[in-house]
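Which chain is which? They are A, B, C and D, in the order written, and residues in each are numbered from 1.
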């Protein structure tokens, strides 16, 4: 059987999980290499018996890794600042790319990846909008578009609320990725575009607050924020992002239409267990995105691999990410300035 | 406006609540008297400013109270052993009766009240099967009988599970009222008769255990028990009764039919509040029957008062209680002997 | 016993329910009169056997009604435009006032009622912020302020979403009461002030859409809107108001704090019944505010009556309504202009 | 890397899924063969491009398949009547066995497999009690045994309720596997032994009914049944099995202890989506065991493969199945005869 020979670049929390997904959930992929510039990660990978058992080669230099004979695809899960250069390098070597979102926090740079992909139609280049592969979000999409279950959808509410990071490390790191609306709400914005049928932004506003991480002030960021996006044509989305939830990773989405409302994960549950005791009845909540979305990552990887092996279109268009970024940056600008950010009917931001 | 002049006999936990219901929720009733043989209760009532304010006369002698001029009805909420004699005494004085269930733990005695009521058709005599007045149970009944929402119902599961009584006082008291299946499951049995369209019992079996109240052994009772009742015609009900729940008063009922299932209060909730914190997401549960059923008591009282004032039939037939008692006693017998209790096709218990 | 002699003015949907509440749930009140200027309502009341039975006098002239000997209090449930004049008239006659919110859509006018009340400290004057009397909202308040269950609260999300009014009548009527944020979000704004400990508004923005009621355009209103209010001190509230829900009256509130989150009625339920059938598992939702809040209205009326009879402070300060109105009008202004509305640190709106 | 070479015998609904699990979720296994005596299944497998792609050899003769060079393990998912002979044949060839439950409906035969396994300690022989690998059931076990979350557990309620099989085919087939309590409740009985710490049965009784499949009468079976098992030492379990649910595969378990209750899947949900529309709020339910337990099957397979590769004990003891069968057959006997079935203190059934 033909396996897709794939490498994972970046071995942080997410990169390690991507390797695991490829090993355990994607039988048509073969992980042939991993790469990290962090010496600790390289050491960890080199000494990992499972990696050895599966024959995974460990690199500390990305360009070197791209030269490995037979390598067909890379899954880029490094920090955002190198997403586009690494994507472009792989494309330059005729290697397929699955890149973590966002392609870049600089829209021109992101566009350069889209352009390169368009110029290389034999390559599959996809951004990892993983929620598009979640069973519940897909079911919601099917109910909206195939079943017409809620009539015409016009309003999306979507939250990405992370468990409090006591150390603050992750949060400071994320602030460097473009701020809370770019790092945290990117999936929510993407969902709103999906469910509202690719509307064009008209105006947005946001407000935020610092509750646990005062150090974010210096980074021009907040740890909790809400924002509204008004689209041309009478559609609206609004978002709540938080870095400071006490109870877990709370990610929910509601889509309201003319005939009904869909609620996705409004009451998050770690599993099917409820404990009834002196405190009442309670259930646990997933601590992070992984417990909520690991099946989605597996499906994403399988579908990407299929699209390469069968030369079919990638399941999520690369261009999607550009609009998402425009909106995310608009919200972040509104958050920082207190001003309304407006867009023309083509979705270009007005001054 | 014409008010029904009513008295409440018995001023335990329940009697006091009945007075409150009549005062606050039943505008067409006027509480004119209360009665208790317990000196502490008499003292408490005599000194109660609200009772004084509302002009309620306090008696320690039931027969004396029955002589109060103008008295039209009594609500009997004493211990079970005097239910039938007090009912008969009131009927003898042409006074309407709303009597707590059961009429008696002796079926012949209970039957004597039914007979007396039948001989006095101008009087309203009703047993307090309060769940028949609960909005959710009524809605379930409507879905079954009017909406045919579950096709033909054939299976009932019903629980009455009380919060652990740390003192054990209430439980020992209840054991004297005929044991766990008579005291605790009486409403569940009643509900199974309602939702299964008055089926006739064929056989029953039960098993129980002592977990918190070993002192019940001497009273031939248990603190947790399950039982199955098979009815003639392929219908089945099964019950779980408990005196020892950690989380609250957990009373639920499921009715399964050929086309669906109805679930009543399978996840009990004290109110609409959920707290999300480090322990997950939790809600509180009603501590006792009162928080769950106070609206039902109010409706029961209003409907009873209406039936008297307008001379219409009482909303729950008095005879219902007789079959309920036969089944409850059958289950209790099975529990104590370990033997199957069987009934003929008329519902008479076989030896 | 001493009853408070009270009259209800306005016999629309709400006025009739207030009469019912007073008759059935407030034993220390006696409804002695009702008043309406609508001939149909007057006719309906005159012919109502229950009103006759309870001895309620029917007026078509408010001033005449105020002259009824012995009248002690009025419950004003007319349209908003006469709230303040009727309140002032009652105060002028030394009659206690329970007035539906808002006192006026003109803040100066509302302030004149507050001033009159302050000048007449022997009178109880209260605005009907009924949610303050709801068991779940009170429980949330207790968890926040007494139990410190969520640490320091900083974010409120609150929705008032009405069932679609097929006729559109009610909605057009409501638009005349100040627009969607004034009519619909007033309780949500009030709740945010309560749970965020009376914060001062700093800025707000809103966006709306017309989905079912295009006729609202002429009235400068929308049928669905979201808005954000930023308060001084890093607190935020955001609201969703809708006139067009398919599934019922969906009113929920979430309060997020530094240590947890409280969710009130996030999954609304008409009763405790769930039906499992070919469509899955479902429960019904309250069709309107009445099913959700009737207990709150009863408690509100009882507490108001108590405060008069015992001469204690009214449970909700009259001044509350003034800030609520300022915010509601700010949101409505933002909705109509697309501009951010800003307030100084005293909560005065800036130009 | 060393893969476990495994074959799947039986290519019915379940066998096909086991192949899929091994291919997609068990990277350390390599499916080298499948086998079926059904010509349609053989044809289907032979023509299956995926099987070809993964290099799976297709047999119609089990003994021939056992001779395939390098074969190390079989997953037996044939009909129950050949489970033990196929297990014994594999053991005879020194091949590891993962066998679907039950080993046999004849206890002596099942015991012969247990004996053979004990005589071949170098082989891993495991029965597929798949719920033992479900994340929620494991979490419940952890809460009971590690966290002591419910004190001492004494009562288990467990349901296995299947979606109505309109054709009746599956149900007739299942009746041949020992009847409803053997085929359907076997997992529930297993769970009760797990959570009640391996109690010994004392007595049991059951009642059943025919609601959709009258043809089962001829096979001495029913389509809905409830049963109670009393254990020595005051522990109790009770079960509801159904073949006729309208809403889906409804499998739930409650464990009550002295300090609390655990509820597993009491409200089953297909995914995280809720639809709010004119019918209220609803969610879908899994149509069959696969959607509920596919992750458990994957974990079961991975843990079995690990135990072979690392020569560690299998995660579920083979002996467990013997007691489960004794109880299942006792319940089935009670169901058919109407008599109580009793066991001595060693768990031997009494006549």
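Throughout what follows, a contact is a pair of C-beta atoms (placed from the backbone, for glycine too) under 8 Å apart; a residue touches a chain by one contact, two chains touch by 3 or more.
Here the structure is a predicted model, which is why all the values come from computation and not from measurement.
Engineer: According to the touch definition, list the chains common to the neighbour sets of chain C and chain D.
Structural biologist: Output, common partners of chain C and chain D: A, B.
Engineer: Taking each chain's centre as the mean of its C-alpha atoms, which one ends up farthest from the centre of chain C?
Structural biologist: Centre of mass proxy via C-alpha means gives D as farthest from chain C.
Engineer: If you average the CA atoms of chain A and of chain C, how far apart do the two points sit, in angstrom?
Structural biologist: Roughly 42 Å separates the two chain centres.
Engineer: For chain B and chain C, what's the span in angstrom between their mean Cα positions?
Structural biologist: Computed value for the inter-centroid distance: 38 Å.
Engineer: So which bits of chain B are touching at least two other chains?
Structural biologist: 150, 245-247, 250, 259-261, 266-268, 270, 274, 276-278, 281
Engineer: In their shared complex, at which residues does chain C touch chain D?
Structural biologist: 245-248, 250, 267-270, 274, 276-285
Engineer: Under the definition above, what is the set of chain A residues touching chain D in their complex?
Structural biologist: Spelled out, the residues of chain A in touch with chain D are 1-2, 23-27, 53-55, 135-136, 139-140, 143, 149-150, 259-266, 268, 270-278, 281.
Engineer: List the residues on chain B that touch chain D in their complex, please.
Structural biologist: Within the complex, chain B contacts chain D at residues 150-152, 154-155, 157, 203, 205-212, 224, 226-228, 230, 234-236, 238, 240, 242, 244-247, 250, 256, 258-261, 266-267, 338-340.
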